[in-house]
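Each structure below is given as structure tokens.
Both complexes shown next keep chain A, but they swap its partner, so chain B is in the first and chain C is in the second.
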Partner chain A sequence: MFKNNKQKKEDKEKKEQQKNEEKPKKEPISPDKNQFLLTVKEKLHSPSDFIVRSVSDNMIVVYVDNLVDNKNLNEIILTQLQEVEETPEAIHQKLTIPEVDIVDELNKFIGDMLQGAAVVHIVGHEKVVVAKISAYQSRGLSAPENESQVIGSQVGFNENLSTNISLIRRYITNPNLCNEKFVLGKQTKTSLSLLYIHGIATEEYVNTVRQRISDLDIQDILDSAVLAELIDDNSKSIFPQMLLTERPDRFCDGLLSGKVGIVVNGSSMAILCPYAFIEFFQSREDQNLRWPIASFVRLLRFFAIFTSIFLTPIYVASLTYHYEVIPQPLLVPLSESRAIVPFPPIIEALLLELIIELLREAGAKLPTKVGQTIGIVGGIVIGTAAVQAGITSNILIIIVALGALSSFTTPNYMMGNVIRIVRFPIILLAGFWGYYGIMIAICLMLIHLLRLSSLGAPYMAPFYPPRFKQWPNSIIRLPITFIKRQTVNSRNEDSNESQQGEKKVAK
Partner chain B sequence: MKKTKPILILLICTLFVAGCTEQKILERISITTLLGYDLEEEDKVTTTLTVRQVSPDDKSSLETQSNTEETSNGTSIKVNLQTSKKIMAGQLRVLLFGKKLAQDSIEQTLHTTMMNSEISSSIYLAVADGTTKEIIEAQYENITDIGQHVFNLIDHNVEEQHSVSSTLHEVVRNNYSPFRDIAMPIIKKEGQIIKINGLAIFNKSKMVGELSSEDAFYVIMLRDKFKAGSVELSLPGNTLNHDRDQDDKLEVSIDSIKSKRSINLTNPSTPEFDVTVDFGCRLIELHSNENTGRPEVTKKLEKAIGDKMESEISRIIKYTQEKNSDIFGFGDDYYASVRNSGLTEAKWHQMYPNMKVNVKVNIEIFRNGVFE
Partner chain C sequence: MKNTLYVGNTQKFNAFLLFYVVTASQIGVGIHGFQRVLYSEAKQDAWISLVLSFVLAHIAVMVMMKTLDMYESNDLYGIHLDIFGKYFGNFLNFIYIVYCMAAFLAILKNYIEVINTWVFPYLDTIFLCITILIIVVYAFSGGLRVIVGICFFSFFFILWIPPILIFPLHYSDLNFLLPVLDTELKGIAKGVLSMSFTIIGFEIINIIYPFVKEKDKYKRYVHFGLLFTLFLYLSILLISLTFFSGEQLSKTIWATLTLFSIIRLPFIERVEIITICIWLIIILPNLCLYMWSAYRGVLRMKFISTKKFTFFFVLIIFVVNLYVNKRATINMLNDYFGKVAFIVVFVYPFILFLFAFIKKKIKKSQVSKNEEN
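Coming up: the complex of A and B.
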């Protein structure tokens, strides 16, 4: 641990040095028109969509086509510039645009321009006026596809940062909702927002995330999933340590319970952290259902994880090594269905699991309509044919299908993937060593899970370290009046006692 | 890099060590469900077993195999020579002893069975009336799987407390305990039917006597608790109606029996025991027109049933004393109650026939006349 910290510190210092070196020098803006255009074109490598528009002899407007809102440009900027005194200050005052700036630095206004600003240059002035009238080409809000729910809001994030933030602000109208902006990626200059609620979120976690993001030195970020992998505690682990969600309601629920959120421009998935293992199996919808029903569904989901991970390995182990444990009524049907299968159980199971994985992958990559056909082809044709051809036994088909079905009940797609993949090594161990192998797999997995952390918070909380008070609401969904607002791992040390124990509903 | 080395070593070990494990793939072995031992001349033992084999034609078949050899391992080698798949005993459910073998000694067989780690300790043991071979090898019209049939036969009777439970675990425990003897059910083939036909009682590991299956009820009552037993009794005819003759039997049937027994040593020197059984039950059948709703009738019935049971229990204890077979475990109670008794197995078997037991059965009829 100590070594790691030291190394990290050294790395950090190095990075800071690099940053200082790389920081571009402040370049002045030429007061001459032609010189100005020349430098700007040179900077942008004279792109075809760079447009220069003369307003008068001394004044030009430059912008990048398609990034600016043409209506605003025509109706406001171009008309108002006709009537105004030709100094940056006067234009700044006169323009009826929400965001107008005076900039005296070349690189800064070029950055703004690339995000959709019109830049007004006046001869004889070393400053330009930047009018931000960007037009976003973005997809409209639609229902989230991967995390659908029956009861509750049906809106999902889209790829636009400001739309997403406005969605969140609509849910949480609170001055304490903090929004810190970062720009990441040397090539892409992707903007992202760090969101948390001051007073609820633990300062420590906010600082950790802030530090990790600003320490990143990367070329590009195209999606929040990449960012999540870069800033989580153990990037090599198979388990995700941060939640990726496309639901604003789930995101806001997280913020309100004291988590830290990150929204990345260009990605429809927002990051929530710290997230504990158990929370990946809790769905937002649980809050919307009546508590006994939600509890039942939640318990069903936990049961599904176990069937999904262990059913096939148990089949393999029992049939290969431990025929003693098979109940007598099952003995005859099992051995009869296995009679014509030429492979040992492990090969049989691996084969069938691979077929299911192939089906899933094919179904996910194809458009929805074709995907359904694949399901039918796979499920019915391959299933029955495999049994009739004597490659697999009937009972294994049921078990494997059940396992696959169970893995899809996990409310989080990333975690569902893990559950499916983690089966393969366990099947192998079961085929090698029987139940001992399964036990070894369970032990290794538990050790790994116990060692994991999310932003330094224990991943297996509230089970280890034991926080008994949080057990009931982690395993079942308690009636809403019993729920503590702040969830596992999000206890805010700074907020006073009364707030810490605050219930969601006060009666 | 530090971590890669142990992981690599572990992976290599996994691959190599995996080859050492003995695979027992379900359909590639023959599964024994019922095993019988009979004594032959010259101390040889005949082993008869049912073997379930699965053939690729989707059907499983039952075979019986029989062989005579001196040790059970010897027979298993010989039986393996006759079957196409290796015989495994892990699914064994019932172990039968021929009567002759039981009367000789089951010590050796118990020992080898216990030593076989494959065999579960919850299998049932039973004595066959006659030889096990004739039960196992016989053709039955309505029984397709003799192994499962015998197991279910014993299992459900044990569940309903009609028969003494005789799992390998319990039998071995009683056998190794110096002051307690074994009792196990006797199984008999009658034409096309297999039935439980009484209770074999043992002195050490030798079968010395038989009790009828009706007597098993009282044996369970003394050895154990009843949770939901049922029994049919014939009381003297004049129990309720004095005009009737005593020899005219009055049939009574009771169920939902809950009983609890306590054994107290009153006199260590004789030795003398007080056995008290608290017995609650429900009356379901009474061949009489008396109104059982009246308390005095119930009282009379309770008394008569109690008397009947006391006499039956005394008779059974006396029989076991004659055969010197302490199936109730009075010796354990004696050993537990008397300090520094220096009791040995031989000493107890000398004391047991002279033991005195005062039996008291307190009957309480909770309900009568339940209409279903």
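Coming up: the complex of A and C.
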């Protein structure tokens, strides 16, 4: 990422400061009970949910309330601690809990404690036993709301990292599925996992992602969307260069075709990269439908995107400057519907587009049921009233509604946003300079798309650089026997060959 | 060999993309109205002139590629420096850079004029010039990869032309083509000469050669590209010749656009207005490639950053653009530029080839002499 020199200098200073801070952090654990409690409390600024429980004269258990699983604490730790010899090693052996550690460093066990561990301290020992019995408060698995599909699995990620990874591991039971753990954010210490399938994913991309994540120097990270913007190639672009998905099946589909995935704790969206432009318009459901139907739907979607971006600008341009392009039979109803409209087409179009955007925003922020009502009432009432009041023409209402409808067919929410927003500058250009203005927009957009890359891989692949063999399956959905498990930009020759072999055997 | 360019593999592009580069660099503003001049020279045998000019183009491009093959990985600028030495070589390079800028200007001016005539009569030429320059600079700053990408995509914006020509085909009369070979040979030859402004563009191979990946099979793609352009030009020319009468054709400046203007579809009329606007993306690769060629040449003389070059290039083009704004001046520019282009593209390669050949022979004999000694 681009940083100017000043920032770099500041970063260096910061890093030095951190080093200075980090060095004295290695603090020993006091063997004395009171001293131990004092230091721990001081570290945590004596919070109200810090609980000390003494088991015997020499042994205490400390933990943070609500982070630990009370059942485990009562039934296993507290009962078993009564019976064992009072040394850390003995406790470590006896406790029937999957994860038990002996730690001799203050800050480390405090970190564990904040993630939900019970810490056993014994007088006279400079070590403590850390028993990880964390209880996660997470919502249950539910259907993905933003990426719903009719046919296919109905499970979505939730906010818990380990649940999400277990979901993925259930889909891909493969020892080659690699899981690398990172901790990001100085304040939040958010854990995240880098996932890829060894042998299918291209090493180069894995290294790039790893490098970019470890280079990050940030205070906090609360959602994967922020991370995606931080590590993509051109964060100033309007186009998303990484996929955010809440569908485990789509995520695994990506992993299986050689992409690199990132799952962030606390976020129900997983990141997939590198992602090419065309892939944002392919839905996972296309794979589940029969191929002619899926192809039809996909073509319909491309048509919808085109309409969504260009229909209103073409209307504005045609009615402002290029009347002669419209044949006479069509021109009559068009002019009739515009006869009492007092504004030029550009104002008319911008007004309606803004109303539609308002309705969408209001609908998205309100609860589902109210949102629907607002959508219907707002749409019908405002639409009809606007025409009757003579502010807009009916034909423009049809066009704008069609454009809005079309923009929602994009299977990816992020890309759908882009499609909707990119319309506004094009409408302006069309209103100022007609078709020439639209063409300026097309040229600039094309150049911009050509300049973009995702993890260094071309964004416009497979169209440019042209890989003609991948064209058919990018535009339509070929029958499964024709599909090689290989998507845009993830070329790992060996794995493809072996998979083709497998397919033949399966037949 | 000195002055050889070292181009990293990541910067290179596949040879088959040359097909798109050649077609995109050839098809530009010339296609809008090459028929009139051609007709005035060669009458109904204009198509023979066209075919002959393409034959000549194939030969010229062959010679160019032969010259380039003598050097492993070098462009025209490097070859100049190698053959003619530092001073004269740089002088020739300078001329070529000026040629590129002239081509850039000619394309720009012609396109702006078409827009002003057909679509927006009162739109300021300065504004049009600025918008086009912004787009070109944005593409240029993306590097060769982006420029070749635009070449590739602009090809698909051309593809709809042949099918749409079916409409005027209904009204065409083959008798207009007869009698064949009625014109004198001189007229046909003059017709070939007049085609030069429309047909040039493939000389980009001189500069782009080091960036081609597969040096052993790139030639066929260049020839395919020329053949595609021939097909497109020939189909337009034949339909124009049979659609218009001779008198009409010699009075129509933009015959192709007039040809399009009769097309009526249920939802669109006056297709030529859309065509002209779409043409922006078709002249874009032309402009980018010429700008890029000029930059390569400037780099050989003095290393300057892309930003600086862009600034000066745009400034010069913009200032010159202000002085060329009448139909007569533009016509003059086209005429002069056409003649210069004919020399640069069709005559000069042969001379250069001769020099390069002699130089190679001398070097060989020197080497063998050295070995004997």
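To be clear about the criterion, the second predicted complex is superposed on the first by the 468 of 507 C-alpha atoms of A that agree within 3 Å, B and C clash if a C-alpha of one lies under 4 Å from a C-alpha of the other, contacts with A are read in each partner's own complex, and residues count from 1 in each chain.
To be clear about the criterion, a contact is a pair of C-beta atoms (placed from the backbone, for glycine too) under 8 Å apart; a residue touches a chain by one contact, two chains touch by 3 or more.
No experiment lies behind these values; they were computed from the predicted model shown.
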item	value
Superposed partners chain B and chain C on chain A - clash or fit	clash
Touching partner for A:290 - first (chain B), second (chain C), both, neither	neither
First (chain B), second (chain C), both or neither touched by A:26	neither
Touched partner set for A:469, first chain B, second chain C, both or neither	neither
Which of chain B and chain C A:433 touches, first, second, both or neither	both
Touched partner set for A:326, first chain B, second chain C, both or neither	both
Touching partner for A:198 - first (chain B), second (chain C), both, neither	neither
Common interface residues of chain A - those touching chain B in one complex and chain C in the other	321-322, 324, 326, 433-434
Residues of chain C defined as touching chain A within the complex	13-14, 17, 115, 119-120, 123, 131, 135, 138-139, 142, 145-146, 149-150, 152-153, 264-270, 273-274, 277-278, 280-281, 284
Of chain A, residues touching chain C in the complex	321-322, 324-327, 330, 433-436, 438-440, 442-444, 446-448, 450-451, 460, 463-466
Chain A-touching residues of chain B, taken from the complex the two chains share	14, 17-18, 21-27, 29, 31, 33, 52, 54-60, 88, 90-91, 93, 118, 120, 148, 151
Sites on chain A touched by chain B in the complex	318-324, 326, 328, 331-332, 334-336, 338-341, 344-345, 429, 432-434
